[in-house]
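Both complexes below contain chain A, partnered by chain B and then by chain C.
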Partner chain A sequence: MADVQLTVSDLISTTTGKSSKIFTLVGQIDESNVMPLVEKIYAVIKEATPGMGYIFDLENLLYMNSKSVGYMTDFYNQIKTRGGNMVLTKLQPNINDILSVIGLTRIIPVAQTLEEAKNLV
Partner chain B sequence: MTDLVSGSEVAASQNPQPKPTEIKIILPTNAYFMSGIRDFTLSLIRNMTDFSEQWAFRFQSVVDELCSNAIEHGSSSDDTIEIRFLNLPGEAIEIYVEDHGTGPDGPLTAEQIREKIAKNKAMDVLQMGLRGRGLAKIVSEWTDKMEFFDTAKGGICVMVRKNLHDDKFKEVLPDAMDPTHIVI
Partner chain C sequence: MFASIAELISTITWQHLLAVFLAACPALVWGTVLMARNTRQKGLLVLIFLLGTLTVVPILGIQMVYFALIEKFPDADFVYTVKNFLSNVPYAWILLLYVYVGITEEVVKFLIVRYVDLTRPDLISTVNDSVYFAILAGLGFAFSENIFYFLKAMREGFAALFSTFVVRSVFTVCAHAMFSGIFGYFYGVSKFSREFTLMSEWRGRESSLMRFWRNLFQENQIVAFRYAHVLFGLAAAMGTHALFNVYLELNKVLSAMIVVVLLFIVLTYLMRSRAGRLEFILADRHGSTMKPEDEAVVMELIGMWFNEGRYQEVINVCKNLIRRDPDNDVAKLFLAKAIDKKKGRQLFRSIKSLFAEDEGIDEKTVV
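Presenting the complex of A and B:
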């Protein structure tokens, strides 16, 4: 069975004072484990203040299926509706490949580093 | 009297064409097993074919999406699906995934699936909802052929094929070292 770990941390910009959330995903996401994971992420988005920025740190995400990409799209829609921003960062080459072929990297900003992601969010 | 043998016959006997390799897997319809199938696919492509590392990861996704679709839409929870890998050395790889049509929404036809995929392919990525990207985007883009067949057992068989040497890539980058890579 695929295993994925989610860590949620808070980030406050020292220059702007803006708050952001960092979702760090480690492991693989497929049909066997996607639902519990997305429920946790939805809960954070729902409880956060409007305008919050979100960084998805995918450095150690080794696989994601199309269903999880669908949820990424919905996270983006919900975050934008709430006046916030969403950035993906440190994508593994195969993850970048998956998101690119689906077209998501044309819509959601992708940063190479966490520093770059902080500036984009 | 000496029998005369053509040069091509001599060459063929000295360098026989490698035979295709077929591997068949029967998988219970449980997403629990998908990580193992992905690992197997990655290993198979790396060790048994001439596709690049990038394509090994792409086939991981292709197989995962095909199997997940067969499990979710084409199968009951206590059924099996069949996966067949057919490696044609130096030429292509073909992957077949077959279900028994015992899914929760009743048996789908190949034509219904083709129509659904065509509809999803035409949609904007943000408007697609949560589902539909697997076959319409991932499998469709990363294979040269994707065909659906109704089976005698009432299910669906999907066949995908990826050619090792893609002439489409040669047109873009004729001097590319790796014919399965495209540089944008």
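Presenting the complex of A and C:
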């Protein structure tokens, strides 16, 4: 049974004053833990003010199963319909490979660093 | 040897030649119509057709052996016993006879396709190849059978010959091609059982029927899938052939025609589908540029989206994946099926829109 931890932190841009949320994921997402994780992320998106930016920091996320990749497209949809923006950052090569074949990296901006992500969101 | 061949040739009359010519006409016309989209070498198609013409030999051979046997051992004539037994039931004997004829003819035509596939497995690289070969075997069989019917009709006069020629050319030849074609389709699917089974696995689905076959054959999923499809195809061909024969025998020509037309529509639909035309590679020539575990995640997602009916997304992802792994036949199968399903859905919506108010349907996709 894999383990995954989610940390949600707030970020306010000093230049634009725009607020964003950072989802930091650590560990591996598989069938055993995907649903509780997804529900937590959905809850945050739902409670947040519309137009909010979201950064997914995946530096220490080592594995994503197919379901979680599918939900990633759904997060993007939800965020976009609420007028927000979503950026992925610091992807592991395997996850980057999967997301690029799925075609997600063409529609969701991918940043190499957190600083870059802050500018993109 | 030469003497016997010379004797044989000396017995050939103009009636025989005319019968051969008349039998060749519908076979040629239907062959041209049904093979119009086939790109295989003509020589190969002619060879399979010729093999098909030989299929009457075992059927006649069995009859000859049987007649020779009962001449020596009259008590062994179980056909006579069965006929007597059924004599009080109207139509029972004739129906049984035509069901038997339908079954034996389809089994023999199946043997031709099986023989070609066993000797040259590379010849069937798409499901449609199998359909084409089966159709040719069917046309070959119909050609040989027609020679006998035309010879018989000639003895009855011009009117009998004309009507036999018209009915058999238009209907019976096409019917033989259709019965074989249906079998050919299932044989083709069974040949690529590995790809079809893997597709079901990625979708996380196994039908209860397949579970039944797996338990029955005590084999793994791929082998059970293969057996089940060969048997089902054979049963479908034999069943429709027997039904056609029975309708004709009961003088229900319209019903027989409907059977043939329906088979024609079904077969045309199956052959026009992307999955039918998909060329399977059957060998890993290029290798994948993705790690197997990462590719597995993508395949699982494709299966999941396919189940959810997100066909456009499946199409997009499959195209990306095939660029990274050109020999991935399962991804190609998903792509072909998704395109077929999408087209089917569009057709359904078009038909539905004819009868309903504009619902403003649009398909939103993410990737």
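Just so it is clear, the second predicted complex is superposed on the first by the 121 of 121 C-alpha atoms of A that agree within 3 Å, B and C clash if a C-alpha of one lies under 4 Å from a C-alpha of the other, contacts with A are read in each partner's own complex, and residues count from 1 in each chain.
Keep in mind that, in the parts below, a residue touches a chain if its C-beta (ideal position, glycine included) is under 8 Å from a C-beta of that chain, and two chains touch if they have at least 3 such contacts.
Note that the structure is a prediction, hence the values are computed from the model and not measured.
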> Can A:45 be said to touch chain B (first), chain C (second), both, or neither?
Replying inline: neither
> With the two structures laid over each other on chain A, which partner does A:2 touch: chain B (first), chain C (second), both, or neither?
Replying inline: first
>> Quick check on the superposed pair: does A:121 touch chain B, chain C, both, or neither? Answer first, second, both or neither.
In response: neither
>> Tell me the contact category for A:70 with respect to chain B and chain C: first, second, both or neither.
In response: both
>> According to the stated criteria, A:97 is in contact with first (chain B), second (chain C), both, or neither; which is it?
In response: both
> Looking at the overlay, what does A:55 touch: chain B (first), chain C (second), both, or neither?
Replying inline: neither
> By residue count, is chain A touched more by chain B or by chain C?
Replying inline: B
> Which of the two partners, first being chain B and second being chain C, lies in contact with A:32: first, second, both, or neither?
Replying inline: first
> Is there a shared patch on chain A that both chain B and chain C touch, and which residues make it up?
Replying inline: 65-67, 69-70, 73-74, 76-77, 94, 97-98, 101-104, 106-107
> Can you list the residues on chain A that touch chain B in the complex?
Replying inline: 1-2, 28, 30-32, 63, 65-67, 69-71, 73-74, 76-77, 93-94, 97-98, 101-104, 106-107
>> Applying the document's contact rule, which stretches of chain A touch chain C when the two form their complex?
In response: 64-67, 69-70, 73-74, 76-77, 94, 97-98, 100-104, 106-107
>> Touching residues of chain B toward chain A in the complex: what are they?
In response: 31-32, 34-35, 38, 54, 57-58, 60-61, 64-65, 68, 71-72, 125-126, 128-134, 137-138, 141-142
> Okay, in this complex, where on chain C does chain A touch?
Replying inline: 290-291, 293-294, 297-301, 303-305, 313, 316-317, 320-321, 324, 366-367
